[in-house]
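One chain, subunit A, appears in both complexes that follow, with subunit B as partner in the first and subunit C in the second.
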Partner chain A sequence: MSSPLLRIDGLAKRFPEFELKSVSFGLPAGLLMGLIGPNGAGKTTLLKAILGLVKPDAGMITFQGRDLAREGAALRARIAYVSDEPKFMPGVRLRTLKEVHASFFPAWDEARWKSLMADFGLDPQNKSDTLSLGQRTRFALTLALSRDAELLVLDEPTTGLDPAFRRELLARLAATLDDRRAILFSTHITSDLEVRADLVTLLRDGEVVFSHSQDALRDSWGVVKGGLDLLETDGSNGFQGLRTNAHGFEGLTDDVESARRRYEGRALVERASLEDILVLLGRRRPEGKPHAA
Partner chain B sequence: MLLELLRRDLRLHWGSLVVPILILGMGLGAVVMADEGTRLTGLILETSFLIPMLPVIIHQRESAKGTLGDLLVLPVSRAAVVRLRYAEVLFFTGGLLLLAHAAVWVELSVAARHPIPMSVMSRDQFLGVGVLLIFWFAYPMPLFLGWGMKGLVVGYGSLITLVVTLAMTETDLHRFIDASMARPVAMALVLAGLFTLSYLLSLKFFSRRDF
Partner chain C sequence: MRPLIRMAWATSRRLLLLMSPLLAFYLALMVVHQVTKRGTDIPAIAFTCMFMLIIVSTFQGLTFDVEGFMASLPVTRAQLVRTKYLLSFLGLLAGLALTLAVAGLAHALAPGRAAAPTPEELRSAVALALVDAFGLFAFLPFVHAFEPSRGILAFSLAAILALAASLAGWGLDGAADLFRFFQRVLAQPAPALGLIGGLLAFGLLSLSLSTWAYARRSF
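For the complex of A and B:
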């Protein structure tokens, strides 16, 4: 099997309030990976580490087999990034911002940029400080998609975009994928990923909980819904996440077949959606005690 | 790459450089119109105190507007960004000195005063510009690039404290300066060394920052 386009091995970064703990996963070419996790899970820190904006304390990030820490400046010519809140120098026309940006990328595709600007409803004569968040994100995407980048790193790119445009954007992103390109896409909107993502990586408390294909997730993760009498005395039942209320509980399991056997006839066991996983994992306390609903 | 970065700065920040450049321009006019005895002192002071502000204004504006991250995700190294700031101070200093010379040459030509000197500044005056650039730019820059505005405040604050302390205590500063100026080559080498040391410290501090 060929090596992944992007590989992260044992990445660690400690801040006073937060820690990224030995994060490892790979992203092969041709695939779109969704990066999900609750607020503060470490998604943005991870993406910034890939871009060299955050200096890791340990671990290695390789792109096309080359160390990004050593060759980041050269390799960033092939990596495009859109931050969760794109900012541009105020008072500058979009055309000027594009010209400045394009001057750093020999493979710049001017025709594609013009086409994207028209499709995204942006006027190159507009000034950057007249744009809304959604328009800034659209403009950042025109820059990212016109560089012939081989890796697109997108931090919450659909935030601030209307649903119709979100759908169109996801289709466009998927269309850019080929055997030398990949997309790493962080989002809170799990429905976006369920439609388009090939792989999903979940971060929680700075750790990778899983990094699998959507098919593998559907085959293994499930939600158990039952009465409170089924919960063990410590209230955890080995669930990855648990939500209780006066009538019963919802427990998240990473072994849906075992759960089916265990709770057969006593509880409802369903396959988990990404949203189920994200919501219920966020409900788990470190000591395994359930939250009261 | 350095030229691309310099062009980027000039295109994105020209609006915020207009006021300081106007001040420099007005100062330049005053310098040229002043009599020969005092105009070069004005030029030296203007060059040494205002020019270092230009790269600081550019860098601080990037930081304040949240675009420093966008600069750093371009295919440029952090070392290139540090080199840019040091190149900018040399570029603006050289540019202003050249403009000042051109203005004085024109003035002397119009007044038909010959011969027109190649340099309107003496060797000591060039060294003086260098000394002030070291204090006003090279000393605080590593702190600024490493810790942002806080670093700059500490840098300028400690510098002003040092100058006031030296002025208030009985030091032989003037004799030291005169003795140093008497050895221009050694002095130029020391200034170049300090400038390089400042650059290396800036590189170290800026390279380890998270954005």
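For the complex of A and C:
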């Protein structure tokens, strides 16, 4: 794997109600990384820290090997960001907003912007405060995709978009990747990532649970489904997450081959989907024990 | 910084539209004041300060929702602050020019009632602008340290305390004396330059405080 385009080392930020704890991972060029996690896991804080919107208490973020804290203004010319709820100056026409925005970026591609506006069903004469959330997101995407950015940071960009447009958007995003560009994409809709993401990073309670390729996740993570008697025999040790009901349990393991050997013939062991992982890991493991729901 | 000024101007155009009724009221009041010339300058000072505060705080409010978006652009926080100061300063100059233009217009339309602005009146207008600039420089660090609504609240509390203390110390006449002191100072070149220099130094201190505070804000 090549050296990361974006590298985050020991990033920490403390708020009164929440803490991002020593987050570290790398995103190489040419790849799309999905950032997943329950609400309040720290995804938006992390993305904002990359853009310099949140000042970290500790740690370092480098882009192309350069410190974003020191050279953020210059480096942000190569990083495009779409927030989870894009906001624009009220009462201003989209064409004017684009003109103002484009003036920050010498590599602005006007033809591409016009094409995206038409494809996304937006009228440049519309005013910003007449747009729905989905339309604002689409407009923010036209701005982000027309400036030849090398890193796209997208915070829940598919929220508020219809399924057909989501699929089209994901295909477009994947098509923009080349050996100098990468995409960091936070979402709740794990099915979007199953199709397109090369890497997946899971945040929970401000910590990175894992940051792996989808292939590695598929090879190692699994769900064990069995009767409650197995739990009584084996306890819940080894499960990263656990859900029980009157009929049995679902346990999440990060070592699917060991689980297969352990429960052979006694329980069903399947590969875990991202949704399985997100649901079973849940929000928190109380006192270091597997989560039970 | 040019794209930033362009962006701020796009917001300002919206601001002018929103503020046009208040602006028209203010201009009408200036004409009435010019024609009738009754009472002291204190109401004019208070009204002008309030007017400036409303304009600047509305501008801050309009940009507040997009501050995160602006800070994600390839600009430094210091550039964002400097742009706001520059536009506020230009707004102040435009206000001064408008005041003088209204005085001239009132004289042109009603030469019998409104006398041509005297040098003393011109100095009054400049003194008003200096009072405004002082208020602006005192106000801006509050909205950069906090978000606009909390910044306005903090500034208002500080202003009320300062006003109460000065009224207790000097009384209303004392405040008018201070304004007349400014007028007298402006009548002589060297003290006038000293006063303007002092104000600029206060402006630089205000800019430094705003830049320092804004760099620590999260969006």
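What we mean here is this: the second predicted complex is superposed on the first by the 279 of 293 C-alpha atoms of A that agree within 3 Å, B and C clash if a C-alpha of one lies under 4 Å from a C-alpha of the other, contacts with A are read in each partner's own complex, and residues count from 1 in each chain.
Assume contacts are C-beta pairs under 8 Å (C-beta built on N, C-alpha and C of every residue); 3 or more make two chains touch, one makes a residue touch a chain.
Values in this document were obtained by computation on a predicted structure and should not be read as measured data.
When both complexes are superposed on subunit A, subunit B and subunit C occupy overlapping space and clash.
In the superposition on chain A, contact is made by A:Pro90 with both subunit B and subunit C.
By the document's definition of touching, both partners, subunit B and subunit C, reach A:Val100. Contact with neither subunit B nor subunit C is seen for A:Leu133 once the two complexes are overlaid on the shared chain. Using the contact criterion defined above for the overlaid structures, shared-chain residue A:Val54 touches subunit B and also reaches subunit C. Applying the stated touch rule to the two superposed structures, the overlap between the subunit B and subunit C interfaces on subunit A comprises residues 48, 51-55, 72-77, 81, 83, 86-92, 96-97, 99-101, 103-105. Listed in rising order, the residues of subunit A touching subunit C in the complex are 48, 51-55, 72-77, 81, 83, 86-92, 96-97, 99-101, 103-105.
Interface of subunit B with subunit A (complex): residues 4, 7-8, 11-13, 15, 61-62, 65-67, 69-70, 72-77, 80, 207-211. Considering their complex, residues 2-3, 6-7, 10-11, 13-14, 17, 62-63, 65-66, 68-69, 71-76, 79, 215-216, 218-219 of subunit C touch subunit A.
Against subunit B, in their complex, subunit A makes its touches with residues 48, 51-55, 72-77, 79, 81, 83, 85-92, 96-97, 99-101, 103-105.
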